[in-house]
Amino acid sequence: MTHATADDKLQLGGEVFSSRLITGTGGAPSLDILEAALVASGTEMTTVAMRRLNPRTTGSVLDLLRKLGIRPLPNTAGCYTAGEAVLTARLAREALETDWVKVEVVADERTLLPDTVELVDAAERLVDDGFVVLAYTNDDPVVARRLEQVGCAAVMPLGSPIGSGLGIRNPHNIRLITEQATVPVVLDAGIGTASDAALAMELGCDAVMLASAVTRAQEPALMAAAMRSAVDGGRLAYRAGRIPMRHYAEASSPTDGLAEIPAF
Amino acid sequence: MTHATADDKLQLGGEVFSSRLITGTGGAPSLDILEAALVASGTEMTTVAMRRLNPRTTGSVLDLLRKLGIRPLPNTAGCYTAGEAVLTARLAREALETDWVKVEVVADERTLLPDTVELVDAAERLVDDGFVVLAYTNDDPVVARRLEQVGCAAVMPLGSPIGSGLGIRNPHNIRLITEQATVPVVLDAGIGTASDAALAMELGCDAVMLASAVTRAQEPALMAAAMRSAVDGGRLAYRAGRIPMRHYAEASSPTDGLAEIPAF
Amino acid sequence: MTHATADDKLQLGGEVFSSRLITGTGGAPSLDILEAALVASGTEMTTVAMRRLNPRTTGSVLDLLRKLGIRPLPNTAGCYTAGEAVLTARLAREALETDWVKVEVVADERTLLPDTVELVDAAERLVDDGFVVLAYTNDDPVVARRLEQVGCAAVMPLGSPIGSGLGIRNPHNIRLITEQATVPVVLDAGIGTASDAALAMELGCDAVMLASAVTRAQEPALMAAAMRSAVDGGRLAYRAGRIPMRHYAEASSPTDGLAEIPAF
Amino acid sequence: MTHATADDKLQLGGEVFSSRLITGTGGAPSLDILEAALVASGTEMTTVAMRRLNPRTTGSVLDLLRKLGIRPLPNTAGCYTAGEAVLTARLAREALETDWVKVEVVADERTLLPDTVELVDAAERLVDDGFVVLAYTNDDPVVARRLEQVGCAAVMPLGSPIGSGLGIRNPHNIRLITEQATVPVVLDAGIGTASDAALAMELGCDAVMLASAVTRAQEPALMAAAMRSAVDGGRLAYRAGRIPMRHYAEASSPTDGLAEIPAF
């Protein structure tokens, strides 16, 4: 695997990553379990919610990331307006000394779907303010393009609602997004299992972001390893060029000139 | 990965395998490319068609397998009756000095779908004759159970027609098969890309068998590596216990007690 | 609708039907509700289970069918061997004075999936015995062809397990069956809602058979009307020749020569 | 059918419709064929593109609608900004003497996907200007709610890109939209065949809008009849309350107390 992926790094926001799996920390039952999962995932960047305080895990999440050498990516989870998101991003910049931010502006608690009008506004303001902006968005190719136009470093379309585990509900839209994008596309939200992550990569995404699928799995570290393999597998398959689909069968070898026994 | 999979070997026909990927050789453009793909796949067992002679590749396929330390698994591809399949298996046993056989009895050239009546007959006769029988079958749980009852060492349901690349057309049936099986289930035929292989494992299959998806890919060795990762990922996800699907979102962290900045 | 369908009758077993919807009676909460549903469905043929006695409804089901002028089609539900099915069919022939039979031979109670080996055997014997045989089978094109070869008047592949409401799990197989069939294909089992029935017809089936989807719906008569419309709609769509699928959009009108206002 | 649907009219913009199928005219090969299709569809409202001039059909489209007693619904197809859409709507109001408008603001010619930022802006301005606004939008529940909030009389989410025939790519989103909507939801764009239209209604849509699926079918009038039946069927199924999906089978009758022959 090392060999096949060594020349295939992810370039994002002017930096280079070996791992194409970005993780979140929410939902982990304990710091120990989170640590094991992060290590198993091979991730190099992990989001941290600036507006949340989970007494069980958040307290030392940043310490843990520092220990593991994983870059923290502050997000604006829990923000409902562009104004809130911009403020949260600025607080994060001061606190974490990073100008990277994953901007989320959600519309309601039931679906946690992005409010794309507020999102585009927030993204534009943050780019103007010097941030490296990764934008969590819906799967609308038009919104994705707009986010790119206002200067986002990456677009992060959802597969399905956050935490739903429904996978990629509309692969067609994700393909339309990756076809047109000139910045990295990170499939974010909705991943339930390994094949979802592989599919995301096969559709041309440059990376996958997930949290609950790992942290809430029955065995988080095992699922983290699963996601790592699946992201690698999907990426390799994308690069390898899959066979076309056929309505009928095709024998894997010519059947003309059948001989009873091969010549060996 | 090594760590996570070390205690999770495939037991099949009284033998133990570290790899859960079984490959075929048909469709490879050259022996060199086949060799690179086999190595990248990490496979430990590869089928060989006893009734075919592909002048480009078959001649030295067995030499190649010997060199790579990969176990050859003769198949009965191209047989349309139980009688032909039994005869072919016996010729293979003499020629390859193995009593393992993948039994295929197909119904027609257009679909290459198994003729399950002939198949069950052939399997039963081969078991009686001392063979270790792996049976390529349709995705009917009733036929799978019957094959198990006549003594097959593994059942190999198709995902879709051979070479079609259509993936797993009926995951529900594959699940019904794996739920009931007491011998290994190997998803065989129809795999098109990495996420298909991951899904097979998530459905509870014990291994995946494929040929065209790798040998006919634009870059066979890369796709072989993809399949290896995807099979690992799918297996790990199966063991890890995925999150349930939800209709609505679920925040990855509690949002009660939101604080502006995490305590760090 | 009458106009469009008047010249498109179903020919099956030497008879002609205006309705392409065959219904069952099982699961109806009362005879009155069953009657309303049968009328709303427009069906001309309804199965009757010979081996069942549902004290609430079966007693007078045959009276009801007689009153409504609906042809009873005895089935062999509950039979697990060819022998049982043949015996049941013969009892039905005497009791109902019809040589039509829907032959079912199931493998187990959990899935109610057909045992195709027993099924083919039963079908062959019943054809030899002068029956007009409609065979409930899995969705394997090879078995469908075999049933046709032994003389069945119709093949009835399942969409998914009986009563599951899972719809058509493998449209690809149903298409393979309808492409090759020279006798009517009736999609049987698994229909959950109207769009499932429409899809069956679009795949080239000649009719749809269902019971639970109507009798267990919250409002059986309304669902019966739904199924009638959906079967009509699906059949018409099949005949009308649908548009191809495209990856991108296509404007519904030329946009060259745009004018501000149409000439009217 | 009349019976079952008589009490189930569509209320939209303060008016009542018996038909839940809204059609377009684009793509029809001739006025005669268009007429036959419109009649077969049973539609009561048909869109007219104000910015297009198709020499073959548009000239007399309005005459045809007048003759058939079908309400014309001007749309703003071909507009790329809110300003263009508002202008086009006003021209249409003068020309057609209707204050109803289907507002479309598309982002590009390749996908014809709506630009939702411009769309919301246009919708708001048109509502303020006294229009009854039906808004063609993407399948984002948040945008749908926003359109409702600015006063749209109906939201018209797409199933897939215009003219693509890809059906409903994301049923989950359509369901989220219909669950929350307090104005009618009209599935617009992407319908390919009858089962797509039935599914739209089963998901809780109040009506279906389509053009190419009928006008470009091999037999437009037959497909129009198909769509009419499918919309009816889907609506009835929605009202009837479908059976739940089950993983395993459920016999349609109790099998306890099996008797050899029913009591008749």
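When the chains are written out, they are named A, B, C and D in that same order, and each has its own residue count from 1.
We take it that contacts are C-beta pairs under 8 Å (C-beta built on N, C-alpha and C of every residue); 3 or more make two chains touch, one makes a residue touch a chain.
Here the structure is a predicted model, which means the values were calculated and not measured.
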item: Far-end chain from chain C, centres as C-alpha averages; value: A
item: Same-interface partner of B-C, chosen from the options C-D, A-B or A-D, over half of the pairs matching; value: A-D
item: Chain C-chain D separation of Cα centroids, rounded to whole Å; value: 30
item: Intercentroid distance (Cα basis), chain C paired with chain A, Å; value: 45
item: Residues of chain B whose C-beta touches two or more other chains; value: 111, 113, 166, 172, 247
item: Contact footprint of chain C on chain B as seen in their complex; value: 107-108, 111, 113-117, 120, 138, 140-143, 145-146, 160, 166, 169-170, 172-173, 176
item: Contact footprint of chain A on chain B as seen in their complex; value: 1, 4, 24-27, 40, 48-55, 58-63, 77-78, 88, 91, 95, 109-113, 161-166, 192-199, 201-202, 211-213, 215-223, 225-237, 239-255, 257-264
